[in-house]
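Structure first, then comments.
By written order: A, B, C and D. Residues from 1 in each chain.
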Amino acid sequence: MNSERIRILITGGTFDKEYNELTGELYFKDSHIPDMLRLGRCRLDIDIRTLMMIDSLQMTDEDRQLILEHCARCAERRIVITHGTDTMEQTAAVLGRSIADKTIVLTGAMAPYAFGSSDGLFNLGTALAFVQTLPPGVYVAMNGRCFPWNSVHKNRASGVFESTV
Amino acid sequence: MNSERIRILITGGTFDKEYNELTGELYFKDSHIPDMLRLGRCRLDIDIRTLMMIDSLQMTDEDRQLILEHCARCAERRIVITHGTDTMEQTAAVLGRSIADKTIVLTGAMAPYAFGSSDGLFNLGTALAFVQTLPPGVYVAMNGRCFPWNSVHKNRASGVFESTV
Amino acid sequence: MNSERIRILITGGTFDKEYNELTGELYFKDSHIPDMLRLGRCRLDIDIRTLMMIDSLQMTDEDRQLILEHCARCAERRIVITHGTDTMEQTAAVLGRSIADKTIVLTGAMAPYAFGSSDGLFNLGTALAFVQTLPPGVYVAMNGRCFPWNSVHKNRASGVFESTV
Amino acid sequence: MNSERIRILITGGTFDKEYNELTGELYFKDSHIPDMLRLGRCRLDIDIRTLMMIDSLQMTDEDRQLILEHCARCAERRIVITHGTDTMEQTAAVLGRSIADKTIVLTGAMAPYAFGSSDGLFNLGTALAFVQTLPPGVYVAMNGRCFPWNSVHKNRASGVFESTV
């Protein structure tokens, strides 16, 4: 299908949380995305950049501007962004209002990849497929589904992403 | 995006192999697809049918006719087929020559899902995304890529699916 | 070797922590000890009791008295206690000063069993072997080693249990 | 407890089987014992030697003599041997008839460590604990239990090791 290079931008989120066995707390170290692509035997032409490694509840307007600038300026027209689920829709909205000529898919995970029962690998698979096939626009890929940026909402009681239309 | 019901047809393959600890041999028991959808927190409307549980090297012409009939007759227009990788291209060709009005995506795994380092969950994610977004046709989804049925080949030396065009 | 019934007392600790995917926090639900014994194909005669499910930093003197009473009163002479690592040596001391006629082995884990890279299954194996073979006394089994209750210390910088003699 | 160096002799067995994703067959590559000791945060003084990497059904009298010689000649008095379960009792008998002054514990696994639901880590934990605490003699450690070499039998219908006395 597509043979263009895809850019993956890493921002952190549950995807990449680790357990610190000395403090008993969750923290960020290195991203697991390269390991996950290896596990998926992925042969797409991919360029990975880590922009930040944060919980999306801590993400500021400046952080979102940084993500927006990277998306606008990079050579690739197909971009996957790994992101915490709590504010994924806000970041999607910032991108959606400004970028019209690229296909951008945000995805995340409800449980850390390192913890064994994560949806991360499944979600990364869906995001990489959606980004190859969807027309320009900004989307959120979660729960096997893909939502346009302006009609998605995370139901915090259930942890499920829903359409607002 | 799509909100149509998707049909998943299970035929076996490495995806679903298990280790028999009494004999030391690999065998098929129940499919892991329901577990994998649960792990992926998948919320698509999906109907799963197990047609057979076999190694694709054992798949006969009759088996392929059975798969073809199910694809042709089911109500769903979007179908994912889990299949052994060794003869996935043959089954795709049987379907591709006969079915023009449905989107059918075959996928599989290089290592059993139960064995811990499988590409199965990633591939299932890509297949479910491709089946929602691609136009009618028969495709093979492996290694993060999606190939039309008439231009795909498994390189047996590397275990990687390649385009023949 | 031993064919006596062994009692396992569960008190919580990192062993049994889970990830709450709605809040992003760690919490206790059910103990994983029965699953771990099943995974280990364990055929020992074991009776499991959950006394509490807490982080050992929250353990009070009353909690320790409760553990002591259970150890003193139960019919079994061989007891394994799963416990958070942070205050394991304090609980071991409370038991060690009072109980002389039973073999009691405390063990724990540096990472939650549910998180994939835990030492829990290894430690449970060592604890169950030590409790079958050691003479009456109170011990801590961590890092493949077994320490008498009055000569063990957790090095918090390294996360390793060390002998104080 | 014990602070002597322990020798681990690797002979292969289910413990160390891998899945070859190009052929779909099980095979031996490198031993997982070092990874397992790391996962167990093991701090025992251990020296590991790989003697062979074979299925124990293929083990010959010459192979068993090689194991016997290593056990007899090595400096360590405490030895753990990882071994396929099918003929573990035969090897234990060869060692038990010849060696009286060392503590030797054979252990194995019913499912490969690499496959995710293995008893290997649990069994390795029990073997390392038994080898530190038992008097000289040759033993088999499986299912949480430890059997003297001359009173153990693998029940092939159930996959469980049983006492013959």
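Following the convention adopted for this analysis, contacts are C-beta pairs under 8 Å (C-beta built on N, C-alpha and C of every residue); 3 or more make two chains touch, one makes a residue touch a chain.
Values in this document were obtained by computation on a predicted structure and should not be read as measured data.
Student: What chains touch subunit C and also subunit D?
Tutor: Of all the chains present, none is in contact with both subunit C and subunit D.
Student: Looking at the contacts, which chains touch subunit B and subunit C alike?
Tutor: Both-contact set = A, D.
Student: What chain is the most remote from subunit A, judged by the mean position of CA atoms in each chain?
Tutor: Relative to subunit A, the chain whose C-alpha centre sits farthest away is D.
Student: Once you find the CA centre of subunit A and the CA centre of subunit C, what distance in Å lies between them?
Tutor: Between these chains, centre-to-centre, one finds 39 Å.
Student: So how far apart, in whole Å, are subunit A and subunit D when each is placed at the average of its C-alpha atoms?
Tutor: 45
Student: Averaging over Cα atoms per chain, report the distance between subunit A and subunit B in Å.
Tutor: 25
Student: Using the touch rule from the top of the page, what residues of subunit D touch 2 or more other chains?
Tutor: Each of 110, 117, 159 in subunit D touches at least two other chains.
Student: Strictly by the criterion at the top, what is the full list of touching chain pairs?
Tutor: A-B, A-C, B-D, C-D
Student: Which bits of subunit B are touching subunit A when the two form their complex?
Tutor: 1, 36-37, 39-44, 110, 117-119, 121-130, 132-134, 141-147, 159-161
Student: Which subunit A residues qualify as touching subunit C in the complex?
Tutor: 14, 17, 19, 21-22, 24, 26, 55, 110-112, 114-117, 156-157, 159
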